[in-house]
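All chains are identified by letter, namely A, B and C, in their written order; residue positions are counted from 1 within each chain.
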Amino acid sequence: MTTVEHNRSLFGNLAGALAQLRAPGEGSSLLVAILLGVTLLMSAANLLLPAESPLYVSTYTITLMGKYLCFAMLAMAVDIVWGYCGILSLGHGAFFALGGYGMGMYLMRQIGDRGVYGNPDLPDFMVFLNWQELPWYWQGMDQFWFALLMALLVPGLLAFVFGWLAFRSRVTGVYLSIMTQALTYALMLAFFRNEMGFGGNNGLTDFKDMLGFDLQADGTRVALLMATALLLALTFVASRAIVQSRLGRVVVAIRDAEPRARFLGYRTEGYKVWLFVYSALVAAVAGMLYVPQVGIINPGEFSPLNSIEVVVWVAVGGRGTLYGAIVGALLVNYAKTRFTAVMPDGWLFALGTLFVVVTVLLPKGLAGLLQRGRTTDAETRGENNTGEVSAGDAPAEPITGEARA
Amino acid sequence: MNVKKFVAGMALAAGTSVLSAAVMAADTIKVGVLHSLSGTMAISETTLKDTVLMMVDEQNRKGGLLGKKLEAVVVDPASDWPLFAEKTRELLTKEKVDVIFGCWTSVSRKSVLPVIEELNGLMFYPVQYEGEESSKNVFYTGASPNQQAIPAVDYLMNDLEVERWVLAGTDYVYPRTTNKILEAYLEAKGVDKKDIMVNYTPFGHSDWQSIVADIKKFGGAGKKTAVVSTINGDANVPFYKELANQGVSAEDIPVVAFSVGEEELSGIDTRPLVGHLAAWNYFQGVDSEANERFIQEWKKFTGDEKRVTNDPMEATYIGFNMWAKAVEKAETTDVDAVEQAMIGIEFPNLSGGVAKMNKNHHLSKPVFIGEIQDDGQFEVVWETDGLVAGDAWSDFLPGSKDLIADWTAPIKCGNYNTKAKACGGQGQ
Amino acid sequence: MKHLLLTGCLLLALVTTLPAASAGSVVSEQAAPSATPASEEPGGNRQVLLARLTRASLRESAEVLDQLERSGGRAMRGLFAAMLAGDLYYHRETGRLMAVQKNPAGERIGSDIFTGEGLGVQSRGSIKKVRVNNRLRSHLRDAIARIDLMHGTEAQKEGAVLAILDDLSPQNMRLLQVTADAGQSDRVSELIELARAMVELRDSSVTDARLSAIAVMSGRLEAPVRNQLQRLLDDERESDRKIRIAAQQSLEEIEGRIAFYDFMEQLFFGLSLGSVLLLAAIGLAITFGVMGVINMAHGEMIMLGAYTTYVVQQLMPGAIEYSLVVAVPAAFLVSGSVGVLIERGVIRHLQGRPLETLLATFGISLILQQAVRTIFSPLNMPVVTPGWMSGVFAINPVFSVTFNRLYILLFALAVFALLLVTLKKTSLGLNVRAVSQNRDMAKAMGVRTEMVDAMTFGLGSGIAGVAGVALSQLTNVGPNLGQSYIIDSFMVVVFGGVGNLLGTLVGGFSLGVTNKFLEPATGAVLANIIVLVCLILFIQKRPKGLFPQRGRAAE
């Protein structure tokens, strides 16, 4: 297949995916409906009801929900590459954090002269470390559209370069996972450095407003939550469409047997790179929404352990289903919030046990539990036994019932 | 079916919060405790959680405050900085606490700051920090750089006749700011730039071979050399181990640390470290009646004869007692009233003097220099003559030398520019 | 449990004072033969001075010590040494000075400063320590050096002359003169010669004499020599061109030699860092490299090994010197059996799903960390460095090697060699290799694959535990110990090539050396980042690492 043909087929697939967008599957529309419905209800309960009302939803719950939804979006991004293409990324936190930093830089510039030193150009942390002028990479970040563009462009480009290098040289399996980990680890170390001009360990914080709206106002928070829910729904539908399109099927084929797909004439690395970039962009969007809602972004978000945790959410929810990733992220994070308040001294035991039990007993996560009713057990079992001890391969898995429907 | 599960999860999330929000505040005064009990900072912060619990206990035994009992609300922000902001919001809106004692790292405080200002809460921050901050809603009971770093350097310069300086720190905001201040201070004292070596290392740095070798070489130039260490937390143990192994003794190159206290030393074999220094506002070894009593109570409370006390604990102790006094003075726990009542409050500190809360929400405290002993304790070798007032804004940084904080009328502002006579940093 | 630990802590605290104690007693033995003053009439003046020492403020003490040195000279060495070590106490009531050391049972045993005569057990309240600070300690050290110059052993004399190079006062030069007159070994005389040359260069005005002084000084690596030459060149009043040129040449020669030793030093640092990486990664090379299990709990196996060291030291407080020898097999057993448990309990069920082992072992690592936090407290635990592991092996004044790093380097190589032999020469090794290469075939040949899996995982975990023993000598023993090594370990294994032990060896050392050679130029953080980026690029070039696995197992 020539490059031109290859491109055409790629675009053809993309067009197919777009076509799918208009007719989303039954299951996904239900999920979207619930997502939007619950958010809407919560928002209304927060804004319209008086604080004394038993049905009142506190701003605390709103921001918490917003955070969960951002994590859900990140988990979905991981599921797209891991569940459908077998690329286990242990570094998706990097794209998430880069998106977050983009947004953070914009919010930082919006503070203007309201910082503690009243310097109209420089953020506070630069003033007290004696920076004289704004570094070049901070220029233009006071424009929302530009910041938005950068917050997508930088992680997208990073994903492209990394993916292009790695997939072209056929770095696969564990090697790839460890490399993604090295990537986010290197970025974490870099962002910790104060010389980088991103506020070092403290990161970016003390945001005031966004597009002229006060970030601390209830209305803004509700709007951000709604935006997050909407974008989660949108990316979910888009991702669903992609994985159900012809492109999606090729991707699954690559996951199950990459050499075979290659022998059939598919430029596997091309598919992988684009899927990886798309996934990184979704993660970046999640990061952009995350920052104004939690009010801080710092290098801790790059920590490899965070990225591993995301993978665990996906595993708990069930990979290769998209909705499983969302459910997993919501559930684990909710558990974390509860556990840290209820049993502050022992919550890691509970979390650790949860991970072990889910992986051993529910190889397909919670989504697998649901599917057991639909697909025959034999199919699942049969596939699992074929695996050999080879560090490189993603586990073979049948196309999920959902995807076939 | 998947849908049901999903709805259930969502409903659960929404439901619990609705329920807990509906619980009415009982007739107690609630004290929020916001210290990490897991993650990397648990090692330091757990102690402070216990200290607050002990103080609450004690106050209740004295009959509580304003005729009400105190109730501690403990949460675990898990060394996760965004989680600090989230838990603060939880404490203030769900639990409706009257005061929060919490945070250790600068980043956690910075994360909490917008929330506590938005919801007009009250927080006591008990750890030495880089300064450059004064919020209406926060009282800083730990040391600012002029209460720790500058006296320590003065001691080294005057008493040990140090001429060459190594400023070694972990790469984050506290060491960066402190070292900036020290550099400016040393240069003002006539120290040549060539005689100052600045070195930054990442968090948890464990391989100190090259850096210690460099320090040795730097110190071999024939002038008395000292290391001013702002190395944080876990990185200290391998650093001191390497110092000991490469045979750098305190007589040759003394190391004065601002983040190493009794608790950190309890994890090290201190025999090879005898003579290295630390600067704090309190040492367990300080000889005073109040201190003796406090140590006894602490050992009783923890049920552990080996438990040590340290400076942030004393800062918590002072902060808690000052708050109690201010509440009694204001006869309410209302944040604005307590905030105004706090200013000027005095309370005996554990080292025998009296600490005073200043207009800038920082304390006046004595400064001690201690030498490490072989039992992991410090022996005080030097102390300031009187109290040192904490500076919110350093006089040695160009950006902040004109700034002051004053929360009394008529200024009522955390960053008042004395030149421009206006609030808001550099003035408009 | 807590109680047991407490007692343990107490014992440990006592034990830590042991080596110091033994050092102290050596000193008093040496002092004893010379302690004639005790039999002579102990001058009343000295008694007054000694009494003053117990009451003096830190500032006054220095003067008292000077007077004591003048009055007693050699006899005072024991007193000074005890005071320097912080062992000098006085009786609260009688005011009698004594050296006090703790015995293994924790009792305070007093002994006379001058005669070494035992004074029996002292209760804690009855004695008080004579205060000492840095300034006094350096004062004491100088005084001891002066005494040693006259009466010490060869090594002591050498050290004393070296100390004097820093302070070439007329008084000290007279002291050197007296020493030289008494006739000394070659090395000491040579050093005294050097000191004279330095004084000559400093004070003389005769060009020839100064030139020959520079000739004596050239090539010497002692820091004072370098500093003096540098000062001379910086001094604008020094107008004698000949002297300037000679000094310049001499300094350049010295610096040339130093540059070479700096290189050697960096190489050693790199190898040492490499050995730490190797130790940390070598267990992973088995569990991950050979078995294909992405073992995120590997770091916690290291942590368990380090905690085992701590517990062993608690259990044998009287024999810290041997504790590491016991700790190595103990740590192997502890971590190894935990490894076998994990394999039997969890990994076994994840056969053929390598990426999922990552998730399960991640959960296990959280549990183990929290378990350690619950059992031992979140604080770091103090692990003592035995005497034979501390100190430096000084090759010359600018290049020295610390013993602990040296031993750990050797230890890492030994562990590696042992593991290699186990895999190549034993039947277990044969089985392990067979199973990792072709599980079904091995099974068909009658290999008990399940058993072999458990053993392999146990072996890898056990070696991680052994690494923990070594790391406990370098870093924190706390709940976060494992996390700080896990990422590096994976990097090393992947860089070297999964499934290839030799790759791990080469990988560990090359990463360590690269890091250390970058560090002076870039700083520690940037060096780390550069190494990571290079690693990422390297893997693009060689997707299967340095030594890719060949044959069937590769695909």
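One rule holds in what follows: a residue touches a chain if its C-beta (ideal position, glycine included) is under 8 Å from a C-beta of that chain, and two chains touch if they have at least 3 such contacts.
Predicted model, so just to flag it, every value in this text is computed and none were measured.
Taking the mean of each chain's C-alpha atoms, the chain whose centre lies closest to the overall C-alpha mean is B.
Ranked by how far their CA centres sit from the centre of subunit B, the chains are topped by A. C-beta contact counts were set side by side for A-B and B-C; A-B has more. For the pair subunit A and subunit C, the distance between mean C-alpha positions equals 45 Å. Chain geometry summary: the mean Cα position of subunit A and that of subunit B are 36 Å apart.
Chain geometry summary: the mean Cα position of subunit B and that of subunit C are 31 Å apart. The set of subunit B residues touching two or more other chains comprises 38, 171, 200, 202.
Multi-chain contact residues of subunit C (touching two or more other chains): 370, 525, 528.
For subunit A, residues that reach two or more other chains under the stated contact definition are 189, 192-193, 345, 348. Residue ranges of subunit A in contact with subunit C, taken from their complex: 88, 162, 165-166, 168-175, 177-179, 181-183, 185-186, 189-190, 192-193, 304-305, 308, 311-312, 315, 345-346, 348-349, 351-356, 358-360, 363, 384-395. Listed in rising order, the residues of subunit B touching subunit A in the complex are 1-3, 5-7, 9-10, 12-14, 16-18, 21-22, 37-38, 74-78, 80-83, 85-87, 89-90, 93-94, 105-107, 110-111, 113-115, 118, 132-133, 171-173, 176-177, 180, 200, 202-203, 397-400, 403, 414-415, 417, 424-428.
Looking at the complex, you find that subunit B touches subunit C at residues 38, 40, 42-43, 46, 159-160, 171, 199-202, 204-207, 209-211, 213-214, 220-222, 234, 237-238, 241-242, 244-247, 250-251, 254, 263, 266-272, 274-275, 277, 304-306, 371, 373-375, 379, 381.
On the subunit A side of its complex with subunit B, the touching residues are 27, 30-31, 34, 38, 42, 54-61, 63-65, 67-68, 113-119, 125, 127-130, 189, 192-194, 200-203, 205-207, 216, 294-296, 298, 300, 323, 326-327, 330-331, 334, 337-338, 340-341, 344-345, 347-348, 366-367, 370, 373.
Every residue of subunit C that touches subunit B in the complex is listed here, in rising order: 2, 6, 9-10, 13, 16-17, 19-20, 58, 86, 131, 133-135, 137-138, 141, 166, 223-224, 227, 231, 265-266, 269, 272-273, 276, 370, 373, 378-385, 390-392, 400, 402-405, 473-478, 480, 484, 516, 519-520, 523-525, 528.
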